[in-house]
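One structure is given below, represented as structure tokens, and several questions about it will come after.
The letters A, B, C and D name the chains in turn, as written, and every chain counts its residues from 1.
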């Protein structure tokens, strides 16, 4: 279990500067949007992008599933056909995790929505299998996002059941501390997971109480009230050993410079993880 | 496409008399509740029950999925473990179709309900595969059954999408004329089906208009207003060649004697099917 | 378990006469080469061919897998693409069994031969699944066919292991009494089978001892020395309840008229089956 | 593509010293026998072993499939049942590759041997799927190992066909330069591979000509006559970006000290890889 830099805490979209910052702060893992990577490949080459990671001993922790799961069937099928090549590229940067999130509420009727989505996620997961990539699904907790006509998946337990519909062996959870907190879940909920079910982890913090915390008002790990030490310990005890990524969504600018935030997050997470390991 | 006697139009639960009646009327197919068969096996033997079918050249058109899909997990798993033996018995009577129906509305929340059910149906379908048995799911149309908290699957189109969640190749549709009528569907809806998607067919009639027709007030094919000739022609044109079963659910006694009803249904269906074939 | 007429005992290739003969002798099942059926469809229509079966209450017991498993990949793939339509047609005639045989010896190297064949059989089996059709593989016993460079599959036990490579749930055995006899197997070998593993059965007889019996010198059931009563009893006890088909390969003309052979085979098999049931 | 230290070039079985040596030489990847790791876990704890890797920024490149594929069924099934826990442990050390080799010749009859092995490899691969681990199969080239009764898999092309029997999406190749050389294959043979098919790579060298090279007389990469630059370029061009492991099997002691060998191998491979990237 090691910290992973997430672009949300850095005001840049310049890949090389982002990777340099990661290295300077001590990160071994980075999350990077696929479109940054594709732009850099366009500008230079895929070998050059690989070299940017390897020369810094950085690995791509995960990549967002590059498929529009909600498109009409023709567009979805086109995305699905392009998936293997896109996965191979991400795997070349060290990635073994692919992620996407699920809406907590929806305007479409739930049964057809869930059924179609389950089939599409299963097809995507099958396309990931030859590459050894797992698909992590993220449930979304903030209550203000429950504003659509019907609830969909709002917590870990509901996602666990939805995974029965997906029915693919390489699909599991992306656990985000903000969603865990706003879904008002406990460490016991995390303790039930098997290590291979936890595909990826987001770590961030909240200033507000669970029912009021806004998805775009997150703060750096340690700046809020989420019991992150317990959160990380539960994941560690469940067997998770991968990256924990600093996804801090926000609308208002975060305090400090890019370097300060990246450094602070790294140090705090490193300390929390050290404590977890010391305890276990 | 040939008529199949369904026990709902015969006031008996005596297996041998039921089979005799089928033969006398000209049926080659019968639907029989599994528990009738199991009782007869208990009383005599499975060989004896097989002989009862073979000596009459009757085949079991289908059997109800002998699994409680809504039980708690332990009970469900026990049913699933018993499924292969029960399937083998039914196959010995000529069955290659297994069926179950889906509720049109439910009190549980739809996404977990649909997800769990999809997984269980998939597991049952996998257990049927070695036996060459397909699983037909029946959607239920009458509006008065839409009285639960949430809608589930109410028509052919919704079932088609739910089948994406199930995701097993040997699962298809049980098409019932009453549900097709009350769901206010057209022959065009049936024409889209591939032959292997139609696992079984129920034929019966309605006196009331679609929105008022009560699930337990069905009448014999030809006694009501459902355009059964068109219904059967659409299924035939879609490639269906199997039994069409006289499932006539009712609370009030049906008019006539057992023999009269069985004979009337046979003759009317035989005539309708002859017309369909003549047209095609 | 009921007799099935096989075209090998009838010197004709005229479909209607063949079906008439089946009915006259009392058969409910017939095996018919797919190319007879396709020719008749060409000449008349598929509806007409269906009517030829239904009006006689005959069912197609099985059809040969219409795929060249040994073709180069492009031709194989073309056959595979055409398979669903061909299966749907055969299913419309009542078929739920598809069969093919395996060579007992081969000139190609065994590992690539077995590997490619396993993959192709698996793909064919997957294409059969939506139709509820099982694939029965026939091992071939006569010793004179062990003349190629390498042995492949020569008996039930070897086929059972090869099925592990195939790895599809709807693939099982076609058991032929001639191969069982020439492979010098016992009823104990058959008793180990589960009912769903026995997809189809061929019944015929041999005049020669097992090591000398020639594949093309078979005789009618009861005219030779194969212990067919034991053979059928073992299959019945294993749970098989389907057709037993009179496949009597021969080069020299068989004695008697078509009608005499078809009638004799029917009566003998009917008697044997009655004895089996009486014993069990 | 980066060098991976393999224990075969180091005369030790002391885990910590081995990992220290890896770090000192600049390796980021190590191959380690699972039994070393299990012994260390026994002696200390799994957390301690994880810390030994993480504190050095080392990752476990691969682990040998901890299943006896040739055991009788009961023992095999027991191994298979233990597999998930063993995989989870290896994944905690960074592993995403599991490997096993195939014998080039065998004493058992090839078809049952290949069929059973294909089924077992498929089952193991299925157990690896939830962990995102791929299974790499290694073909074995040296001619002196073709001494058993029957040939099995002796080169890349034969392994490619055997993979059709295995039929699992997460199974691919472990490519070893010694086997590629002794199988007398070309870079064109490697160029046909898709990136995800190459699960792991062994790099070593040979002093003897292909037909004479002995499996246990390998030498350090660069000390022999295998065109390793071409070998690595072909793999790179095929899209492989993972570790290349210094598996140098030998009976006679290798020249130099552990540190000298590990350092030399690292430097040579690093230079070869740099050249490959420069060329591409």
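Here is the rule we use: contacts are C-beta pairs under 8 Å (C-beta built on N, C-alpha and C of every residue); 3 or more make two chains touch, one makes a residue touch a chain.
A quick map from chain label to UniProt name: A, B, C, D = Sugar phosphate isomerase/epimerase.
These numbers were taken from a predicted model, which means no experiment stands behind them.
S.K.: Have a look at where chain A meets chain B and say same if over half of the interface residue numbers show up on both copies, different if under half do.
M.R.: Chain A and chain B contact each other through largely matching residue numbers.
S.K.: Chain B to chain C: how many Å between their CA centres?
M.R.: 31
S.K.: Can you check how far apart chain C and chain D are, centre to centre, with Cα atoms defining each centre and the answer in Å?
M.R.: Computed value for the inter-centroid distance: 46 Å.
S.K.: Taking each chain's centre as its mean C-alpha position, how far apart are chain B and chain D in Å?
M.R.: 55
S.K.: At least two partner chains per residue is the criterion; list those residues in chain B.
M.R.: Nothing qualifies.
S.K.: Please give all chain pairs that are in touch with each other.
M.R.: A-B, A-D, B-C, C-D
S.K.: Quick check: in the complex, which residue numbers of chain C touch chain B?
M.R.: Residues of chain C touching chain B: 2, 28, 47, 50-51, 54, 57, 84, 87-88, 91-92, 96-97, 126, 129-134, 169-170, 172, 194-197, 239, 241, 277, 280.
S.K.: Could you list, by residue number, the parts of chain D that touch chain C in their complex?
M.R.: Its residues touching chain C are 109-112, 114-116, 118-119, 122, 150-153, 158, 161-165, 167.
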